[in-house]
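Chains here go by letter, A, B and C, matching the order in which they are written, and residues are numbered from 1 within each.
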Amino acid sequence: MGFSFLPVEQNFYNLFERQAGYAVDAASCFKALVSKGTLDDDMLQKMRDIEHQGDGVTHEILNGLNKTFITPFDREDIHTLAKQLDDIIDMLYTIVNRMRVYKITGIDKNLVQFALVIEESCRAVSCAVKGMRNSKNFAAVSESCVEINRLENVGDAMRDLVLGELFETEKDPITVIKMKEVYQDAETVLDVCEDVAHVVQSILVKQA
Amino acid sequence: MGFSFLPVEQNFYNLFERQAGYAVDAASCFKALVSKGTLDDDMLQKMRDIEHQGDGVTHEILNGLNKTFITPFDREDIHTLAKQLDDIIDMLYTIVNRMRVYKITGIDKNLVQFALVIEESCRAVSCAVKGMRNSKNFAAVSESCVEINRLENVGDAMRDLVLGELFETEKDPITVIKMKEVYQDAETVLDVCEDVAHVVQSILVKQA
Amino acid sequence: MGFSFLPVEQNFYNLFERQAGYAVDAASCFKALVSKGTLDDDMLQKMRDIEHQGDGVTHEILNGLNKTFITPFDREDIHTLAKQLDDIIDMLYTIVNRMRVYKITGIDKNLVQFALVIEESCRAVSCAVKGMRNSKNFAAVSESCVEINRLENVGDAMRDLVLGELFETEKDPITVIKMKEVYQDAETVLDVCEDVAHVVQSILVKQA
């Protein structure tokens, strides 16, 4: 069973797809950045641009929501989904900015690992969001959500391992303070991806 | 004045009672664990099991909410209450997991104190949630909520005392980093219990 | 075009104005306190009183919301706005309490700078909230919201500068732990002010 589309619905779905696309861009930028181990101005600017574009789409969705009478799914779910996709991008920007402020340089293999998992998770988020448009895709959307949940568990285990190691081996407390925050932030990105999966799944259940 | 029950209502109340029961279990497990001062595998596994069972009930409530047309009280309040009860259990699991990762061992009298207050608060949460089923119990529910608020204030004062002492006496910055986070988490459990009390009270006001 | 007022509406607007007023009071008290560089008991008590009065108004709004059938704008927006105004006051109280517990004394020029920006932002919040009462003021309300957003950006830049400096120059890790938390809290106050601006703007869009 499919469902029909009104122009306004098309628009919301388009905006969510763009927002999820920016989340993938932010994740790729983050991966490139930590793989290089230096924060050059170009990459910082690129991250800032992505965050700015993400903000733009978020405002478009929220303003559209305030002005639109009929929406393709629950208003509250639209609001939550837009906010959470925005949070993914914001959190990635926050990490990069923190690395700049804390002057964290050099390739940290743990951060590279986190970046790989985050990129995978953002790709799954993007698949899930794209699939919402048509009920024919709902099985695939569910699979993406399961994958996002799996990656969140991977991230939890990584964070535990990495923090355990940090407290075990790092003797400089200032470095512990800095890296602990960055690792915890990295894991938070995966938590927010999981929040997206939850809201997407709840939207699907309501439309079933 | 009482109000009648539909089967679906019964079901929501049953699920909330089970969820609150798991919160009490998690609090008791936390108390046993910090009183012992060592993290043996059995206790860790027990905590993991409780967290897992709590997750199961939370999903049952949220899925039920998406599929059910008539609910015993505001859909949003059901959603909030389920999330907050889940947060209590998650937070307790988070603390225990952190203690494992940070290799915090030995009996810490402050953590034991926190565990006692947390268990008391979770028992009051359970009483409040059980009482919601029938308007005859609303006075008792209100009393439980007052008690939860009181225990949150107790926790605030404990956290201030304990952190003041930590900064005053602990000379190892790494230990300060670890214990500060664990104490703040412990106090957060009491904050979440207070959030439950607020939503329960607001549900009562609407049904009065 | 104006819109008419019912007594109940008047009441909600009055309560929001009082709440925003307490936020300004808390900000002024915070500024006085950090400018002095010592935490005397009178100022602590004044902060506690403001926080307490703020709590009172918040409960009045939330209880009114539960008992009132018709509200001047979306129930959810009323709830969010009340919570966020309360969060501003709570956060300021939290900072002051933390300074007491952490025994932070002496004039810190960075905190004074933060306090000035926070007071400005709270004044803009108060203007925005006052203006909501009448659609004639909506242009002025929008201007206040733009100003709040601007001050949040100022705060972000200040936090980055101040934390960078802290990590660069402060050699005592315990001091880093303490001041990092206080600076981040101070910036959070400006984030919450921005959240208020967002909800006020969304209320305006819906009433346009």
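Simple rule for what comes next: a residue touches a chain if its C-beta (ideal position, glycine included) is under 8 Å from a C-beta of that chain, and two chains touch if they have at least 3 such contacts.
Predicted, not measured: the structure shown is a model, and the values here were computed from it.
Participant: Shared interface numbers for subunit B and subunit C above half of all numbers used, same, or below, different?
Facilitator: Different-residue interface.
Participant: Rounding to the nearest 5 degrees, give the angle of the rotation that lays the CA atoms of subunit A over those of subunit B.
Facilitator: Angle of rotation between the two copies: 120 degrees.
Participant: Provide the C-alpha centroid distance between subunit B and subunit C, rounded to the nearest whole angstrom.
Facilitator: Whole-Å distance between the two chain centres: 28.
Participant: In subunit C, which residues are in touch with two or more of the other chains?
Facilitator: In subunit C, residues 76, 173, 177 touch at least two other chains, as defined above.
Participant: Using the touch definition up top, name the residues of subunit C that touch subunit B in the complex.
Facilitator: Counting only subunit C, the residues touching subunit B are 62-63, 66-67, 76, 97, 100-103, 173-174, 177-178.
Participant: For the complex, which residues does subunit C have touching subunit A?
Facilitator: The touching residues are 76, 160, 163-164, 167-168, 173, 176-177, 180, 202, 205-206.
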